[in-house]
Amino acid sequence: MEQDKLLRLLNDVRNGGVSPQDALLKLKMEPFEDLGYAKVDHHRSLRHGIPEVIYGAGKTAEQISGIIDAMRAHGNNNVLVTRVTPEKAEELGKFISVEYDAVSRIAIYGRKFEAKTKGYIGVVAAGTSDIPVAEEAAVTAEALGNRVERLFDVGVAGLHRLLSRLDVLMSAKVVIAVAGMEGALATVVGGLVSCPVIAVPTSVGYGANFSGLSALLSMLNSCAGNVSVVNIDNGFGAGYLASLINHIGEAEA
Amino acid sequence: MEQDKLLRLLNDVRNGGVSPQDALLKLKMEPFEDLGYAKVDHHRSLRHGIPEVIYGAGKTAEQISGIIDAMRAHGNNNVLVTRVTPEKAEELGKFISVEYDAVSRIAIYGRKFEAKTKGYIGVVAAGTSDIPVAEEAAVTAEALGNRVERLFDVGVAGLHRLLSRLDVLMSAKVVIAVAGMEGALATVVGGLVSCPVIAVPTSVGYGANFSGLSALLSMLNSCAGNVSVVNIDNGFGAGYLASLINHIGEAEA
Amino acid sequence: MEQDKLLRLLNDVRNGGVSPQDALLKLKMEPFEDLGYAKVDHHRSLRHGIPEVIYGAGKTAEQISGIIDAMRAHGNNNVLVTRVTPEKAEELGKFISVEYDAVSRIAIYGRKFEAKTKGYIGVVAAGTSDIPVAEEAAVTAEALGNRVERLFDVGVAGLHRLLSRLDVLMSAKVVIAVAGMEGALATVVGGLVSCPVIAVPTSVGYGANFSGLSALLSMLNSCAGNVSVVNIDNGFGAGYLASLINHIGEAEA
Amino acid sequence: MEQDKLLRLLNDVRNGGVSPQDALLKLKMEPFEDLGYAKVDHHRSLRHGIPEVIYGAGKTAEQISGIIDAMRAHGNNNVLVTRVTPEKAEELGKFISVEYDAVSRIAIYGRKFEAKTKGYIGVVAAGTSDIPVAEEAAVTAEALGNRVERLFDVGVAGLHRLLSRLDVLMSAKVVIAVAGMEGALATVVGGLVSCPVIAVPTSVGYGANFSGLSALLSMLNSCAGNVSVVNIDNGFGAGYLASLINHIGEAEA
Amino acid sequence: MEQDKLLRLLNDVRNGGVSPQDALLKLKMEPFEDLGYAKVDHHRSLRHGIPEVIYGAGKTAEQISGIIDAMRAHGNNNVLVTRVTPEKAEELGKFISVEYDAVSRIAIYGRKFEAKTKGYIGVVAAGTSDIPVAEEAAVTAEALGNRVERLFDVGVAGLHRLLSRLDVLMSAKVVIAVAGMEGALATVVGGLVSCPVIAVPTSVGYGANFSGLSALLSMLNSCAGNVSVVNIDNGFGAGYLASLINHIGEAEA
Amino acid sequence: MEQDKLLRLLNDVRNGGVSPQDALLKLKMEPFEDLGYAKVDHHRSLRHGIPEVIYGAGKTAEQISGIIDAMRAHGNNNVLVTRVTPEKAEELGKFISVEYDAVSRIAIYGRKFEAKTKGYIGVVAAGTSDIPVAEEAAVTAEALGNRVERLFDVGVAGLHRLLSRLDVLMSAKVVIAVAGMEGALATVVGGLVSCPVIAVPTSVGYGANFSGLSALLSMLNSCAGNVSVVNIDNGFGAGYLASLINHIGEAEA
Amino acid sequence: MEQDKLLRLLNDVRNGGVSPQDALLKLKMEPFEDLGYAKVDHHRSLRHGIPEVIYGAGKTAEQISGIIDAMRAHGNNNVLVTRVTPEKAEELGKFISVEYDAVSRIAIYGRKFEAKTKGYIGVVAAGTSDIPVAEEAAVTAEALGNRVERLFDVGVAGLHRLLSRLDVLMSAKVVIAVAGMEGALATVVGGLVSCPVIAVPTSVGYGANFSGLSALLSMLNSCAGNVSVVNIDNGFGAGYLASLINHIGEAEA
Amino acid sequence: MEQDKLLRLLNDVRNGGVSPQDALLKLKMEPFEDLGYAKVDHHRSLRHGIPEVIYGAGKTAEQISGIIDAMRAHGNNNVLVTRVTPEKAEELGKFISVEYDAVSRIAIYGRKFEAKTKGYIGVVAAGTSDIPVAEEAAVTAEALGNRVERLFDVGVAGLHRLLSRLDVLMSAKVVIAVAGMEGALATVVGGLVSCPVIAVPTSVGYGANFSGLSALLSMLNSCAGNVSVVNIDNGFGAGYLASLINHIGEAEA
């Protein structure tokens, strides 16, 4: 697409519709708007086919609100803000009306995309402490228009809890496996399903978990071939990536 | 499916067609064959819809040949053997006829699946030393019936080499990004495309690359949201996973 | 016992049967014999109730033979030598007659203890590459007089292979779980059985397994409460420890 | 047992007493109760022969109380809650009556099992700062019905303190060795006793102890063959595992 | 220069202008003044041709003020204080008049050197969270008399943001590249420009960034040959070093 | 000495002056007193020839006071308490009269030993932030009766500061070198003096100092042969060890 | 420049001299030539103003020769090949005439640039084992047309060796400091000179040097502000970067 | 001394006996001789009062011989060469007559200093595999004129072996404790003796010993206050340092 656009622009230059100088300027200026504290990229949602996403950690409520305003001015009416603490969510509410989910720590501006996919994303979490990360993945995926099925507290030390829900797992189009400690869930799930599995190590645990290193290494070394891994506690990335996969084939249907 | 089968078996028990003792036995015995040095799983290829794969490292040519024989006896005529050194490939040839690719170190028994997918997998490699890993991914994907497009030696320190092939990248259904050293390729590619990117860190480099740790950490911390990571040098895993993603929507088409 | 002995010695001193000087000398001289390159501890087998064990790595065949001779001279007719390469085993055979097992790399002098325990030790290994370590554990345990049941190639990415042998696992008095890569086997087995599980991480794998670190951390962080861990590739330690546990209650029976 | 039950269920299906559909449902539904924030496993205490245990860290007092209620409703009147801060213990007291031990940070609902074992567990701690972890192990073991003997502040830099209590150590059926800093206690104790030793590294220390890594590595590399290791600061795991070992042979007595 | 001075001193000794004892004293006493809590080096600014710099972290406002006083007494009227929190800046203001920049956390006593260099330093930052470190570099460089051009929020996952400002980058005499997370910016910038690039890894990120390790390793392994690296978050060092490079050739102009 | 005593005790047993049972009891009971929270070792100061030392971190003021009381009751009138925060020092003052030094965080009960050694200990610190650790070493050494010479803020990036005090360094009997960051001071000092150098890495620094790891590794790899290293921030250990060395030859003088 | 070229191309499109399709093609095809195993970038030497450089490790003599041929065909008559073992150099000589330096392991095709810079680069190495890395830096710099002064075996444990050559150091325009083990040389040199210092940690040493980690961390934490660091053993990078700095101001002179 | 000399030189300058230029030259030229591949420091043996030492690893036999020749020419007739493999020793013998010890891998040119110290150094080694490192320490110490007592194979898992030789340990003036694996020996020895203990971690072990890291960390965290640590496998450093300590007070006697 970027290429199509370049070709079109070059055609316009040839036709005299656009001067070379303007073309150069256009190439440089168009894609984003500079708010000083952030460059808002108004093309990204079009290019990637999704609502805009703001990583909320390390930004003030006022900055977040300002970025949403800029997006809104360009017609983006769906914005996801991740890593928002309850305190920041409250403060953010003074500037702009958002829907806040305390477990996943996600604030949503505008309406979530409706879940219109036939396929669904399975989100599996090992322990109760892993739920915030799992919910970050699940809420992200839902906001991006996906059907999501949750299976929480199904750690592999009590295998029957997982096996009793095998049917849900095995019909998913893609599975997100969230686990801290020894992170074995990803491998067991990877062996049970035949779809792609996105593993999210969490920092849950203590001592020799070294803040998530144990689960991370465990998942990277999974002997199941359909497992790939994202950063420790990166629920958003897993939800985003799962959405990309879940939407394949849907548009054409 | 596993569930359907269990239900059918239970029905057979009810009907008296199968005794409870036999049912128990059946549940326990069926799924694999024990060769002594390996348990060959004859259901896996059916379950996962792919040729059988043997991880060749640490197995003798004779053992590999034995496993292929057992598979063949159950009707699996397509087997992929990874991590086969040229020496082992030669020895393997004494037992069984395989096609060997020296760059990817993959031996294939039987015929590769034909590439009948409409979508293709882009395989991008940063440097020439990353090619063996990239080829392991590419050959795996091809063997699993995928169309593959290769872009090698396009490291981000010479960005124009990558940008000049942007069209190939941007039309891929899924991209595999292979890089050692600083592993920056995964993030740059992740930002350029809107499809899933599977990042493969390699052990290529020296000194503070700590046998692939630098590229691994770099890729796990990618600021591009569509990137997930597999183990260092794990070309096979990337190819296998990319194939799963590339086949989504194809069967229905 | 050490205390009983001290008390007895003190009584002898009181009775005049032993002079204070001799008592002091006795305390210092008795427990071992100095071969120059090793101090052979002739009391240890009595104290610990097991055959003598020699760690073979880093000792020459001649040194090993010399140590066995010294042991034999004190009535120890059962000696286990671990980490013996085939080459060293051959050379050792020139000095002394031993039985050598090439998979576990263990050489045994004298006869193995007969397995007279009622309870047995389950030895579970994830992959075929983990078998040498698992056999080091199993052969050690057998040499120490234990009944052993082996379950090899039952990695958790193919859960049915493990579940089909659940009965063997669940009746064991203690289980040794041997796994490399992501080491998930220990946790899954720990959740399935109610006896102690000794986890042995192996260095099997590549890349981000960092020579066994991934399996080690995974096992240390196991969410199953009945799992403890020994050093990477330490099959001997696991077999020895399992034997201690398996013998509890047996003597009294 | 799981297998016995499956066989019985299959027999019921054959007899027509249970329909296949109901059997499938039963298999899936029975083992646990879903509280939303946790899946309570009512079979586990039966399967493992112990009181229920709740890992208290990361759960609210209300959630803990809710889980205990669910357990109580299924007849489990003994519940151990670990990692409970004094503040949480106080809050928990508002919901349910528990006995709280501030040193081990354990809250007990119901009565502790009576210590009826003949054998006892030795709990050895190197320094005064290691006592909380040692008490977590000791109180856990006592709650599970074991006799426990404590030896605290017996670090190996003052060997006579440990040697003066050798008799207590040498008569134990299993020993738990708790130490931070250089963790040498585990090896010295391992060499003195002939029973299994469970080593618990603690995060006690500073600088190059790297939050417990020094003691952990020290214990994993112990040259004593009867030592296995649990996670850093994991007193509960050690107490639980020691209880399993201490109960061997007891039931039959 | 140090040598010239020594030679001159030796000549003075020869000429009898300075006694050997005085010369020795002079050599030992001259270069710094001892404030008790710090040795102030009054020659350094002369030797290095720059304002004095005080590392503010870990020093009280009173100590900082005292050091500035001592410098002032020796004619140094330009002092830069780094790592000053807003609270400390306020307290420092009670002792001495400084100009404080809250983003870079730098306090400046006296006037900044005027930017009289023809060449300029490009300061490039990947994300908004990297700005404080980037500003520490930029303000340091400006204080040392350099012209600085800033390009912030130009992370490589949105390559067009960086490419649109290529002209600024390519005309710089030296570039400082500041990035956390995967740190890929340094390599991409290194490939685009032909001047020296000083890479500053930041601790921005979470999980497997391990407090800046990921960006640090990434930058050290850069496949661009013109990149060198300073400590994590060390904006000052990068600014100082860039100033040294930017001043080369200027003095002669 | 321990041996002399044993011989004497054995003689007493022989003479009938002591019964064997009493001898055993004596061996076990004598060396320390059990306060419940600590075992106070009344022989240690005699054996080691120094005042008693209490590691204050992790002990309450009341516990510290109790231990001092027990020591005093056995005639130890000199006690050093390390790692005492100002708050704890104040609270400790309510129980017992101690002299507190806020920089070294050491509280002393009783009088310091007088410095009667002819030789002295040089304590060298690289930066002002290293002073607390250096003072812990210096005050410890002084309390143990040593003459101490301090050289602070003599980091090797300003070599003349160190060289100007070379005379002090070169006449020391033993030198303690305290440095954080790159820890180069230890090697430079090691090369300048011919006496033993005890290196103390500190956690001073940020980023890639990884809490003292950089200085620790630097000092362990020192190319000066007379350097040995203690734990990060372990000023006490260095002072104690330096005192042992400084006292050699003194007693005989 | 890249921008000028784009503008010119756009002008050509406007003028009708180039069709949009051709322009697009031109943008994509021009910058490099694809040899299959490598993309040779014929613009790079122009852009960066230096001879071409080939990283020889992991390339066969034949591949290296092929790349040189391709470069030669585009008028590049100066090629530097790094990391060439003596064996490979000999084999390379069969294909093409190169000058080989066995210490630095560099092969040069064509003539080295003449050293016409007024300023020179000081290359300082701590120990004799660091010389190969130092020579890689020095020979690289010389090949790029720089005057180089070498100071080898001047480790800081023998400070006088370094100080005796202070004059050479202090007149350099940029210094490369090469050291393994504790890497202190970089900091000491950084404090002595006022020009930029490029530190090269080497893997020289053993034990706790962890293959260069000790020197790397030491250099990154240098308390001298003018020090930046390249990868372990990366002599080439240091030489290349130093050349860039040394040429500043020269062209204009 | 260095200072005395400087003063004398300055006096000579004043007296006109030495010109300033000559003085400067003298300061620069005197201390060492440049062999090209090494700077031989002829003052060091005088300054440090010991034979010259050459670190043999990484030097050819010819280079070693050349350095010895240069030393000899300046009157140094005692040279110690460490880390000499048997092969290199043989080759070295072709150039120069040395005495070679195969266990410690040390070659000695000239005669060893006679052991004339009253005090002795205790060298304690945990296992037989630690003996080469222990011998490097012992032979070094002997070559430097010390009396040495060896206690080998006294690992703490068999405490009686160590305790039986307590008398030897307790009379030493300084003890070197050599251990791999868990390195507990250093702490136990440190607690038993009251003299300084130099701990040498070795790389002996496997798996989680991480090439000596386990013993290194263990020793650094020793709870015995009289322990300091040198690099992994650094027997020479320990022997050298122990000699410095052992000679204190001797000269005066």
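For reference, chains read A, B, C, D, E, F, G and H in written order, and residue numbers begin at 1 within each chain.
Convention: contacts are C-beta pairs under 8 Å (C-beta built on N, C-alpha and C of every residue); 3 or more make two chains touch, one makes a residue touch a chain.
The model shown is predicted, which means the values in this text are computed figures rather than measured ones.
**Student:** Check every other chain and keep only those touching both subunit B and subunit E; list them.
**Tutor:** Neighbours common to subunit B and subunit E are A, G.
**Student:** If I rank G-H and E-G by number of C-beta contact pairs, which comes first?
**Tutor:** Greater number of contacting C-beta pairs: E-G.
**Student:** Report same or different for the subunit C and subunit F interface, where same means the shared residue numbers exceed half of all residue numbers found there.
**Tutor:** The interface of subunit C with subunit F is built from mostly shared positions.
**Student:** Can you give the whole-Å distance between the Cα centres of subunit B and subunit C?
**Tutor:** 38
**Student:** If you average the Cα atoms of subunit F and of subunit H to get two centres, how far apart are those centres in Å?
**Tutor:** 25
**Student:** Can you list the residues of subunit D that touch 2 or more other chains?
**Tutor:** Subunit D, residues with two or more chain partners: 3, 158, 207-209, 213, 216, 220-221, 231-232.
**Student:** How about subunit B: which of its residues touch subunit C in the complex?
**Tutor:** 27-29, 31-32, 37-39, 41, 44, 57-59, 63, 201, 203, 211-213, 216, 231-234
**Student:** Taking the complex as given, what residues does subunit C use to touch subunit D?
**Tutor:** Answer in residue numbers: 1-3, 47-49, 53, 166-167, 170, 173, 194-196, 198, 216, 220-221, 225-232, 236-238, 240-241, 244-245, 248-250, 252-253.
**Student:** Under the stated contact criterion, what part of subunit A meets subunit D in this complex?
**Tutor:** The contact residues of subunit A facing subunit D are 128-129, 131, 152-154, 158, 160-161, 164-165, 204, 206-209.
**Student:** How about subunit C: which of its residues touch subunit A in the complex?
**Tutor:** For subunit C paired with subunit A, touching residues are 126-127, 155-159, 181-184, 186-188, 190-192, 205, 207-210, 213-215, 217-224.
**Student:** In the complex formed with subunit B, which residues of subunit D make contact?
**Tutor:** 3, 6-7, 10-11, 13-14, 16, 19-21, 23-24
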